[in-house]
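Just below sit the structures, each encoded as structure tokens.
What follows is chain A paired twice: with chain B in the first complex and chain C in the second.
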Partner chain A sequence: MSPDPPSIPSLRSVEVLASRLRRRQVVGSRDTALETLLVLRQVITRAKFSNIDQLVGIIRAVGRRLVEAQPKEHSIGNIVRKVLHHIREEYYAATGTTASLAHPSGEFSIAKFLSQGQPRKHVLVQKSSEIRGTLREDDPDDPDSFAKGLKPVLMEALQDVLDELETVYDNIAKNAKDHVHSDEIILTLGHSKTVEAFLKSAAHYRNFTAIVPETAPSYSGRDMAKSLSSSGISTFLVPDSSIYALMSRVNKVILGAHAVLANGGMFAITGSLMAATAARAHSTPVVVCTGQFKLTPLWNLYHEYGALDFGNPNDVLGFQEADLVDKVDVVNPYYDYVRPELIDAFITNDGDHPPSSIYRLLKETYDDEDNEL
Partner chain B sequence: MLQCLLPVCNASLLDWTFESLALAGVQEVFVVCRSHAEQIKTVIKGSKWSKPGSGMKIVPIVTAKETFSPGDAMRDIYTRGLVTKDFILVMGDLVSNIRLDEVVRVHKERRKQNKDAIMTIVVKECGVGHRTRPTGDSAVWFLDSKTSECLHYQPVTLYPPTRIVKLPRELQENHPEIDMRFDFIDCGIDICSVEVPSLFQDNFDYLDLRRDFVHGVLTSDLLMKNIYCYVAKEGYAARVKDTKSYDSVSKDILSRWTFPMVPDNNHPGGHSYEHLRGNKYFAKNHPVILARYLSLICCYICPITNKMPKKKSTCNVGTNTLIGSSTQILDGAEVHSSVIGQNCVIGPGAVIRESYIFDNTCIGSDCVIEQSIIGFDVTVKDNSHISKGCLIADLVTIGPNAKLEPFDRLSVRREAGVTGESDNKEEEEDSDIEEIEARQGSIKRNMGSDSNALIWPDGPLNEEEEEDEGPENFKNLRSLRIGDDVSDLDIFDDDSITSESENESSSEEDSELDTDQVSLTGGSESSVGDAAESEFQSEVKQSLERAFAEGHSLDNAAVELKTLRMASNVSLTRVREAVISAIVERIQLVEGGGLPQRQEITKVINRWGELIDRIGGIDPVETITLLQVHCATSERMPIFGQILAALYQIDVVDEDDIRTWHKLPESRAEDEKPGTTRENMKKCWIIVSHMIQQFNAQESESEEDDDTGGEEDEEEDE
Partner chain C sequence: MTKAERRELQERQRAAKLAQKSQKQGGGGPGKVQPGSGQHKKGPSGYDLVSTGKHPGPASGVATGAGGGAGSGHQGDDNALSKSRGLKIFSHFGLPKTVGHAVKGDIHPAVVRLALMFSEFEICGANARCIATLTAFKSVIQDYTTPENNTLSRHLMTHLSPQISYLVSARPMSVSMGNAIRQLKLEISGSDIDMVEQDAKDELCEKIDTYIRERILLADEVIQDLAGQKIKDGDVILTYARSSVVEKVLLNAHEEGKIFSVIVVDSRPLLEGKGLLRTLTSTNPPIPCTYTLLPALASVITEVTTVLVGAHSICANGAVYSRAGTALVAMLASNYTVPVVVCCETYKFSDSIVLDAFGKNELGAFLCFREGLFEISCWLTFMLPFTILAPAKIEHRRNDSAEPKSNLEILNPLYDLTPPTCITVVVTEVGLIPPSSISSIPAAMGRTLV
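Now for the complex of A and B:
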């Protein structure tokens, strides 16, 4: 597979995004996902290709570039995989290769599990022989005809992904009233936009109490508490140290995620592991609100104790503590790795799932061949 | 090796600086370079910064050979007209993650209100004993507590120890609260307005940005420019100026203070590293080979024996370590808190602590290296011992069994026959090298049999430089060396502090008193004076006459006087004296006195009286003294009281000043030689006594009056 080099202007926007990602000027899984999608759309609009392999090659190259720039924002890779998945789907639809590509749906059934759980290798092998529909690949007379034919449907597919990203909070929050009951005490952590929307939506129907720990060292819990109380939810802001003590009174722990991993574990803001472990000790259910774009076909291989991204010690130990700086090594992880055993359910915009079925969602959402970009 | 191309954590310092700027949102960079300009140009051209999409435009500028200091560079910028807007000035050795857009915004806002706020200096708060803070080259900053305007700047050196910091008295009058800070890191980031280069052009003797420019601007009462400080709360910024700061900045990078610029994320050199527990970084692309390292990254079993180990087998990589790609760390080697470049080999059993080893270097077995910097392509053969603070230049080979003393500096010995080819600009260096070669005999070191090293002597090259004043003093520079804690310098010796400071302070007072007395007596004996003095007198006279005749505004007259004072370098008292006498002489004597005389006095004093306070300092008591001295020798003696009253009316002097003066022994003129002058001075004093009686009378009246506010009472209490 030797893709045409992407044209210069699109390459430029990729480079700009890559350096912004590297410099942490774009952070947060949803923002990075949106930016990635916009760049991909630009790339596809301008790309020149005459068969599907070239297009996939171009997108993979761009995706690899972005993921290398910031391997810690998993949603970049997820969006690239998702776009690739949609492109293939549209392509099969357009060329008449109907194959066994059922639309992914949230419903869980053994029958579907069997059909979709299998690697889709045979489909791809068939493809080269079967494709001859309305679209002609590698047309020597008009090399652009394939691109011209496919681009409109691709744009539509991208628009779908974009819409999904933009409505992700609403879709998750839609079912909030089924999860939060009246007079419950809910504990959450940090300032997750998803959880914020979820709780606010629940507040329309239910009367409940939220407990928000400060969430050191970012203290984003303070913003969360302010935001929740301003929309009429009775909110307590508590120090992190009292999470365990309060846990016996808490009915449910609702957490946000940075990325959900293939085994059903997740990366979430520092402190989540402590809260989840405390919840386990009191048998309090732990529910995670997350957009589907955070599902990542990866495992946590190292950094068992914290995870992934280590920030500036400045938040923990002031730079002016001259005597300590030289003697103390400060570890300030952004995220905790929360093991799947500690999580009871994921609430996504694609239905509710136990950690054990995350791998199945991954199979539905992405193509296996894209796990390594 | 060029300082700005020195690798810090395996990326050149220049890349760190560019990345810092890019992170801060800078879009266009001019790089002013002098020596090795071509080399810098090629480096910039080949780097990722000149690729499209880097988001930053870098323009290298080569300045003249005569540029030796930042001041010269600024003058060059001015003559070329490079900058037309406000700009950010940094040195090519900056590592920072401070968001500068906020600083620039504050600067611009301030500029809108105050055109004279020409510069904002970014400083970072840290403790006094912080590793990143240079002990030998720091400063005391005086800031206004509210506006954080920088009021005074006093450089501090470790040796000779700076013990006294002087704060100009005028500052205390205008600023009720002053912060005196000794815990700043000077980040070397200045937001400058366009005026800054032109100020350098005007003051051609400014060399250093801080010691000359900032100090000069703040102490000058001609320029009337303000400099502000921005105390960065968030973020990190430091300069790599010397080996000590090289060490501390590297450590700060490894312990992630510079986040998001850390080796595993946004490494300026474009390498990718893997971050492991305990701030260990291993290169990703061409993996590091670690002998039986306990972690799962890579397992290396000796291919020859292919057996389980004898005694020490696993290599040990400690915390805060960075290891470049394709580097091998063999059996039993230990690496702690160090940075190791690419393609290095660390031999079996070697121990490396807090050291920096550049690319392609080979360390033999069982070597010990502590707190040292080792250049590119160096070979250290087996069993060598390099103690703390050593610097080893590129391509040196030492050992086996070499033993270096602390702070040795090694470079490659020149090969015979090369000498003749060197061109002019290197001549000076050559003479140094020759001198060192000549001295090799006197230095005894075991360098090992295969060594090609030349050892540089410890201490200053020429003995006469030993007593160099200022920051370039060798003992002061010592505090900037890697691994040197300067504990053996006697600066903290208690005896010396007390005795010396006493001496210094007392001599300080003496000299101050001297100047005061000289200037005070100078009034009556003005005939004594050298050529410059008389020239100044006549100049001031002429300038004031011109001002009176042409009706200049007070401001213009004041500026003219200040310039004159600067030009002939005389004390403020002399100017004040000249102004007072000129004003007094300006008053026409009206025959018969009475109302017309009083009107005449009021007219002149109202028009010109304030000039006395505008010449660059306010000292009403001295004003009265000078007035008295002048009147005593002049025919305007009779109107002394009325002039004083007029000055009192326009608030140039107030009641307290008159009282203070009245109590001074000089005012009674008892030291004077008997004669008319003394008589007159006495008369003046008596006149004032009457005046004070009047004041007292008024006050007692007002005291009886219950309506008087609290303020007046307070004043009286004081």
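Now for the complex of A and C:
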């Protein structure tokens, strides 16, 4: 390592995003992911580094800063991990080291199956041993030469991630007609942009009916119902309480996710657990539409209580009920944790997956050493 | 509103008007209305044009209403394919009725008043509705005189039937009311022909009082004691919406000095839990309460020791027909192995079997629901009860729903059915019984009583 590691860039854009995250001015997985990516791009453009470790260090530091600002928006960390993964990939490709080892996916054999998901320890050992090509790390004559050489490919890699984020809805929605069939009754919850795009895309091919509960306390289901009905889908808006009563006629429950966890469970808008459990009671399949950037290398083993994030109690019991407000505890959690047993399939921009294979996708998408930023 | 949106709206309205006119005047309309005539008026005055189009004064408002009906029929042809499915499976629910002010036939004023209160949810809940109905019928009976050449036991029922059907037209009859009325009919037909009319009437009223006292009020007191035994110090009791029996149980247990806390789970559109919250916190010292909405239930269920809910009625197979949402609460509770205790008087037992809430249900007041939908941004309006909505707004909404592109419908079932598997025990005035033994209770109590 170089004797003076570059100070963590206290870029203004990082701080601005951090404070906006903290104030919940940026919410929603995809928006935070996009913002994070744009900030990371700025950081990389301006960063001064003379070897890969410094660059990774800088990005990790920025990532930590943003994740600490809003630990519940898991997509921030995911994007940072993904960018790190891409940087390493580009680096290996540029320097010609271990690229083949890093990507054993070319040929498949059962013998390698177990090792595929294993941490690539050897990478670190071989990293600086032989450097081919034009890239030279820690060049004493020109410390910027490494950065100059690597930055163009990094920008390309970032652009790939950005493109993926921007087309995520289309890519998820493109298979919609395989999942929604004619005359089906679909129940969805809240106002997930992913599910909205999915159902609208399905509506081009199929006639189906959507049932949207209001989804208290945000009542985002109303916006969803409006939006779906305006694009020609026959929509029923119902109160949350009637989910069980209507479930016997529902063919499929399609939910959006806030974050998908390594065990195949997910965090989703409150009420999802209830809807998924009711669906299970009626043996109705539960399908989750999610972009890959929501896959999070976390295991939710201990927190069920509202997934430990709470909203404004005013939405549940307003100050109009002044006589009650000071006597009553009001609970308004943002998210539910839905166990993997309750989910039948994840529809992602990269194909459909059962909950049990999420861990494998994670191994492919992120580097293990980044799980803790 | 952008220019494009405005133009689109204008275009749509013009098309709707055109369709109406052509329907009314037998196709004479298209010649009179130039398709491009309104387009010069876009811009700043465009919005005014739209709004005047929507509220065209009282006289033409009626015409719009009538035309709207025809228009929706027309749209039915267009969208028949896409909407038929939705309409078909929900069609048996029927539409929520609004009770008209025009009273047909010989309806007692007490019944008219009661019907209005039912239809506006002023009186809500199986017990309250049953007591109110019986009380109203008492005054109907007192004001009744047997016509010449007839006997009370034969004729009174024919006098009561239109009253009952008037009540049902306001809101479908609850099972509790049905059982009580059946009992009343039995008493009427059994009353002595030779008795003086006033005595017979007094006797009937006394029987009604006995029914209210024994089957409802005393039953509630017994249930209070029995269910209260299931509450221990340190318990966390979860209840959904508002049940008069559950309220009494909780207050009674609190009075006995038991230390427990209550989680009140609630849901729109009725938000009955707020009322319960108010009574629970007005005690001294107040019962520690937590309030949350139904979707957040999963977060709080883990710390609950007992779920205590009321019932609208109980089917013969032990399934509980109750306020919509109860089934979700019971399902989650049984998933988390929390005992679900249902408090229900035996007079609410129904001898039929309903398989799911879809077969038999009642649609709630969707007016307040729609209000919330179309004025989401305006939270205050949305908190107001629907009864004080300005008629202009209702008119406005009717136009909205008649718009050709409206695929949005609102469904507000009032009840749902909790399967017996989710219920641990039913507390009745004859003891704590498992849901599987519900069918034996009416027989054990003597079939005639229920």
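Rule of thumb we're sticking to: the second predicted complex is superposed on the first by the 337 of 373 C-alpha atoms of A that agree within 3 Å, B and C clash if a C-alpha of one lies under 4 Å from a C-alpha of the other, contacts with A are read in each partner's own complex, and residues count from 1 in each chain.
Here, contacts are C-beta pairs under 8 Å (C-beta built on N, C-alpha and C of every residue); 3 or more make two chains touch, one makes a residue touch a chain.
In this text the structure is predicted, and so the values were computed from the model without any measurement.
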Room on chain A for both chain B and chain C (clash or fit): fit
Touched partner set for A:V62, first chain B, second chain C, both or neither: neither
First, second, both or neither for A:L199, with chain B first and chain C second: neither
First (chain B), second (chain C), both or neither touched by A:K72: first
Dominant toucher of chain A (residue count), chain B or chain C: C
From chain A, separation angle of chain B and chain C (C-alpha centres, steps of 10 degrees): 60
Which of chain B and chain C A:A173 touches, first, second, both or neither: neither
A:S234 touches, of chain B and chain C: first, second, both or neither? second
Chain B versus chain C as contact partner of A:V330, first or second or both or neither: both
Contacts of A:L34 with chain B and chain C, given as first, second, both or neither: neither
Which superposed partner A:S19 touches (first chain B, second chain C, both, neither): first
Which of chain B and chain C A:L154 touches, first, second, both or neither: neither
Overlay on shared chain A, then closest C-alpha pair between chain B and chain C (Å): 8
Shared chain A surface residues [contacts with chain B and with chain C]: 305, 320-321, 323, 329-332
Of all residues in chain A, those that touch chain B in their complex: 8, 11-16, 19, 22-24, 68, 70, 72, 302-303, 305, 309-314, 319-323, 325-326, 329-332
Chain C - residues contacting chain A, complex: 79, 81-83, 85-86, 89-90, 267-269, 274, 277-278, 281, 286, 288-300, 302, 323-325, 327-328, 331-332, 335, 356-358, 361, 369, 372-373, 376, 379, 383, 405-413, 415-417
Chain A - residues contacting chain C, complex: 183, 185, 207-209, 211, 214-217, 219, 222-223, 225-226, 228-230, 232-246, 248-249, 269-271, 273-274, 277-278, 281, 304-307, 316-318, 320-321, 323-324, 327-333, 336
Residues of chain B that touch chain A when the two form their complex: 22-23, 51-55, 124-131, 133, 183, 234-236, 251, 255-260, 262, 265-266, 272, 275-279, 296, 319-320
